Amino acid sequence: AQDKLTIAAASDLRFALEDILRDFKAEYAQDLTGLSVQVIYGSSGKISNQIRQGAPFDVFFSADRHFTQELFRGNFTTDAGTVYAHGRLVLWSPKHDMRGVALTELTADKYLKIAIAQPLHAPYGERARQSLVSAGVWSQLEHKLVYGENIAQTAQLAQSGAADVAIIALSLVKNRRLTSDTAAHYQLLDVSTHQPLLQSYALTKRGAEKLPAQLLVRHMASGKTRQVLAQYGFELPGPTHQVAE
Amino acid sequence: MTALRIKAHWQRHHFSLNIDTILPASGITALFGRSGCGKSSLLRLIAGLEMVRDATVIFADQPWQRQQNFVPLHRRRIGLVFQQSGLLPHLSAEQNLLYGFHRVQPELRRLMPADVIRMLELESLLRQPLTSLSGGQQQRLALGRALLANPQLLLLDEPFAALDSLSKTAILPYIRTLVDETGIPLFFVSHDSREVEKLADQLVLMDGGQITEQSSLTTALANPNNPLFDGSDIVSLFFGVPAEKDSWGRVPVLSNACCLWLGDLTEPVPISQGQVRLSIRAKDVSLALSPIADLSIQNQLPAHITNITPYRQQFLIQLQLADGQLLQAEITPYAAAQLNLTIGKPVIALVKAIAIR
Amino acid sequence: MTALSAADWQAIQLTLTLAFYTMLLLLVITTPLAWWLAGERRGLSAFSYWLRTLVQTVVALPLVLPPTVLGFYLLLLLGPQGVVGSTLQQLGLPHLAFSFPGILLASVLYSLPFAVQPLQQAFEQLGRQPVEIAASLGAGPIDQFFTVILPLCRGGFVVAATLSFAHTLGEFGVILMLGGSIPGQTKVLSIAIYDHAEAMNYAAAQQLSLLLLLFSFVVLFVVYGARRKTGSL
Amino acid sequence: MTALSAADWQAIQLTLTLAFYTMLLLLVITTPLAWWLAGERRGLSAFSYWLRTLVQTVVALPLVLPPTVLGFYLLLLLGPQGVVGSTLQQLGLPHLAFSFPGILLASVLYSLPFAVQPLQQAFEQLGRQPVEIAASLGAGPIDQFFTVILPLCRGGFVVAATLSFAHTLGEFGVILMLGGSIPGQTKVLSIAIYDHAEAMNYAAAQQLSLLLLLFSFVVLFVVYGARRKTGSL
Amino acid sequence: MTALRIKAHWQRHHFSLNIDTILPASGITALFGRSGCGKSSLLRLIAGLEMVRDATVIFADQPWQRQQNFVPLHRRRIGLVFQQSGLLPHLSAEQNLLYGFHRVQPELRRLMPADVIRMLELESLLRQPLTSLSGGQQQRLALGRALLANPQLLLLDEPFAALDSLSKTAILPYIRTLVDETGIPLFFVSHDSREVEKLADQLVLMDGGQITEQSSLTTALANPNNPLFDGSDIVSLFFGVPAEKDSWGRVPVLSNACCLWLGDLTEPVPISQGQVRLSIRAKDVSLALSPIADLSIQNQLPAHITNITPYRQQFLIQLQLADGQLLQAEITPYAAAQLNLTIGKPVIALVKAIAIR
């Protein structure tokens, strides 16, 4: 059996994937003795760049289906990506209770700095921008915005207290490490205000030949995984559907 | 007379400098002593280049260093020539020369570049890059630079060591005149007793970090055991006023009751009031019992013997001339016996006109 | 070649300003610091001796921390909840996170060793004599600095200036963390390039990189060329 | 304090190895390079003169590029589709992206100016005389190097070694891009810390940072302390 | 006799060195000339410190430089003393001293540290840190280091300039003996004509980048217009074999037909075959028409005048002694007239025993 599986994943999946993999290893303990699983987190853009340059990744979890599609077009993955969940955006602050706060209220003076991920390349950043635009406050808020390289760093900007509010992934707010008293004080953004965040994964050419990778694909579709994903605030699509290309 | 008060106990590694003295700060003072005796250290102390604790340096009532008081070098107005060539490598020869001059208030400028350049023959060096100067050229430049800083005190550490003899012949009288005219006191270190004889008014002898003797040059030279003479010749000084050349080109130098004939007067260094100072090696003085004719030696001076001392396997005969000046003659024991020399005996001192410096 | 966007030009301008001020500040700060560090060791008390070693070590530490980590801690420190940030706010001043002064401070801190070390080395190799000569010719400390130390240690200053300028040009992690990529204020060139590259906007990334390289090349070439002509020593 | 994970220890070990090799390689490479760059300028032909200036400029360029950008271009170059990577593969060798030799190469390149410049400066200030003295006493070039140049330029070597070692310890962007954070191969400490911080595992991040700082502090303190004791000049 | 062939046209900035000569590479050769005339440049050329294009330097059939051939300095085995103190600052005094010695193959070691340390009085310096050495101490150390490199050629650039006179008195005879015993040819630069008179076998005069004269010292001294005498005194050499002291402590030095009495024999520098070389200043020679009694001057040598030339407003009288050796006397025109001196006239040359060096 292959004894090593290398997974590259977008930052928003960080906490959910830990649980998923723990279950995965427990589930296939007999089939996969001595398996070591490495996960490398990063921005979807950087990871897909690295895959193009021959990075030794077997599975790629992207925050946006766009990246798996591009890789498939370049013949680096076996398919255009399986959508396993939809990401959700939340408005969150470590200092203020954001429950019930509408995007339009961000113009208030108490919100000096608002952190979002870089819309140029981070999927969550682009969706945050869309929401702000559709709320009609983008141009008013633009001078308050600070940008994180990826969604995890965006969360850090707020967590350090330097930014007053952040628009980040629900999955990050739902993780254990965020202190409980502030963790609940978030406001979900309406999915209708932005294009969907289609979380998709794909096997790379080298991963396709590996048994553990194939088993992981099977595990991703399992109920247990769906449960974990839901727990971390991901919205689940209907029973696993291949995105047509 | 201005004075330089120095008091210091300074431990430099294994060496200790112990000075507690008042030096006359006028005219030219030579520092003489064996290598490693502390001459450069003393100059550095005076200049304030070393923070010696609890030292006292007072120059002409300016307390340069006393207790907590410490005037930094750049406010002491000292002209310094370092023992190791000390040119600023990033400046041109000309910029080096004028570095100090530009920092002197115009009203304090008494020495002007044009004169110094002429006297030290620096003209042709000024346009050369610094790295292309030979050792002697560097030394002349450093000397000129110190002079042009128009200081109130000159401290020169072996300033003539790399000069060729022609340059030396030209520069020493210039330095003499300069000190006399400007009144800037000058201290210099030298290992060349001839330089000292020619230039110095006072002599400071050092040994093992201490000043062992300080006196006027005349007094110092009267002592045949003066370390100045170690490895070189005993010299007496004769002070007199030169008169007109005679038709033979000889120059008479007159003191009270004596006349010394000189071959010519190019070399002697003038000192103040028209006087010149002549040095006469004891080895150049012969003795006879009566005047001698048909001899090329022209100075035949009546004198009487004041002292006879053995000196380095020879005899040193100290003579008093008619005008009271002291003259010394070095004589073999054989000659002393032949002439039957005794104290008080009148003799004729023979000195070649040409041998007088 | 597509024309650079206005935002790109803004990033370029910001970066140059930042690098320039950083270099300037560093030269001003590190010159006395390096002089002190390079001072005579002989006859130093044990205390002064170890104090110097300590300072020298601390000065070198910004080198060691990964820039993003350094940036994160600076964010904690300079933000409204940090010691520095909150103090500033109590004084009625803005805190330093996400501001130009903030990233300037960070750049200075981050490039500190690159300025101190070459200067210190130059001062150590200089020795005492040139300064002594200048003092003997009536030059006071300031005069000595500008007419002797500066020209004689020109090599050291050029290295210090080049390293700190260039290092700031290329700085990324610290500023990313602390600056928040605000266009015109903290979005410097390196971040702009990174953003283009991540957005797979390779043409723009490449164009900006090339521009940066070309500019730096010209500046460095001129600096080094001129330096060698006059001969730094 | 929670114990560090095995992965963290692995990152530490990897980082030290990388920094050490980088420093070693850089000293070996840059010594002759810096010597050549520091050579006599007088009487140099215009060609040699500009060649040197060119090389000196090129050597300084890695400084200027943001590390992630440098990493990106290195990735393009060293990856299986790059000129270097594909050539290596045709020779039956592995390409260099995502491998230890790859990040070593990148670190060497990235820290090149930090090693070259202090050395060059030290050599320039050294002047010719010490070498001439040694030659006159029968010392050949190698002998001269080890008994005269090295000890007299010790300050420069210490600065070069320190800067390049420390700079590699803190290096992040280049390695992130080119290395792909593969544990045990390319996941160095700086990336591990970054990762912990991103995972909001701040305790671990802080612990690792502290460890890195402490270690660096001790190393630098000893180096600087010892250097000052013997007095490098 | 080994020789040193040098051919070079070397443009150093404004200065050009033009040499095409064969120098005798045996014994001691002095390089003399005014500051900036190219002495140091010549030594650097010989040492191979400068890459002078198309130059030729051949030492004792070893082509050190010829066409494309260039032997680097460290393989030429040259002992060098630089004009500016050239100690290695990172080494201790002792390590400096032995740096070259350690690099000599054991079978080529003829000069040993113990001897050199003793003769140059280096013992007490060895444990001192280098920065604490005085100027003269540094120079002695550099000299010792060059000697201990046991070279096949010694090139010394003003090696005695910073030495005090006592050290010089001790070191010069040591250098002389050392060269005679080891046969290492030595070139040295000096501005001190007395050093040259004492030490050199050959003299190379330089001016404006060219060698203007090269000859044995005796020949050179016979020419009163020799630049060696600019600013210093004309000297004649007397070669003879010293005999036993008489009861008065006088030492007779005998040549064929002459006997010169000396006060003692501490200073003269021995040359080979038991001979010594004495120098007699022309200023110390007086003339009389007949022997004179009752005079302290003991050497009264019959001679006849071979030439009378005006010299610096005086007359220089060249005399031939009974043994054929040349002696020169400097006399005022007045004295020459008084004694009615003419060529061929027999005279008595008077030389004080003590004035002979």
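The first chain written gets the first letter, and so on, giving A, B, C, D and E; residue counts start at 1 in each chain.
Operating definition for what follows: contacts are C-beta pairs under 8 Å (C-beta built on N, C-alpha and C of every residue); 3 or more make two chains touch, one makes a residue touch a chain.
No experiment lies behind these values; they were computed from the predicted model shown.
Among the remaining chains, which ones contact both chain A and chain C?
D
In the chain contact graph, what is the shortest path length, in steps, from chain A to chain E?
2
So which chain is farthest from chain E, going by the mean of the CA atoms in each chain?
Using the mean of the C-alpha atoms as each chain's centre, the farthest one from chain E is A.
Computing the C-alpha centre of each chain, which chain sits at the greatest distance from chain D?
B
Can you compute the centre-to-centre distance for chain B and chain D, using the mean CA position of each chain? Integer Å is fine.
Comparing mean C-alpha positions, chain D is 60 Å from chain B.
Hey, how far is the Cα centre of chain C from the one of chain D, in Å?
19
Can you work out the whole-Å distance between the CA centroids of chain B and chain C?
About 56 Å, centre to centre.
Counting only residues that touch at least two other chains, what does the list for chain B look like?
84
In chain D, what residues contact two or more other chains?
72, 197, 233
Find every residue in chain A that makes contact with two or more other chains and list them.
Residues 46, 49, 153, 156 of chain A each touch two or more of the other chains.
Report the complete set of touching chain pairs.
Every pair of chains in contact is listed here: A-C, A-D, B-C, B-E, C-D, D-E.
Can you list the chain C residues touching chain D in their complex?
Interface residues on chain C, with respect to chain D: 41-42, 49-50, 52-54, 56-58, 60-61, 63-70, 72-73, 113-114, 117-118, 121-122, 124-127, 155-156, 159, 162-163, 166-167, 169-173, 189-191, 193-194, 197, 205, 209, 212-213, 216-217, 220-221, 224-225, 228-229, 231-233.
Can you list the chain E residues touching chain D in their complex?
Where chain E meets chain D, its residues are 47, 49, 72-75, 77-80, 82, 84, 86-90, 99-100, 103-104, 145-146, 149.
Would you tell me which residues of chain B are touching chain E in their complex?
12-15, 33-36, 39-40, 83-85, 128-129, 132-137, 140, 157-158, 161-169, 191-193, 230-232, 246, 248-250, 261, 263-264, 266, 281, 283-284, 286-290, 292, 294-298, 312-314, 329-339, 350, 352-355
Where on chain A is chain C touching in the complex?
These residues of chain A touch chain C: 43, 45-46, 49, 70, 113, 115, 118, 120-122, 145-149, 153, 156-157, 160-163.
Show me the residue ranges of chain A that touch chain D in the complex, using the header's touch definition.
Contact set of chain A toward chain D: 6, 8, 11, 14-15, 38, 40-42, 46, 49-50, 52-57, 150, 152-153, 155-156, 159, 172, 175, 177-178.
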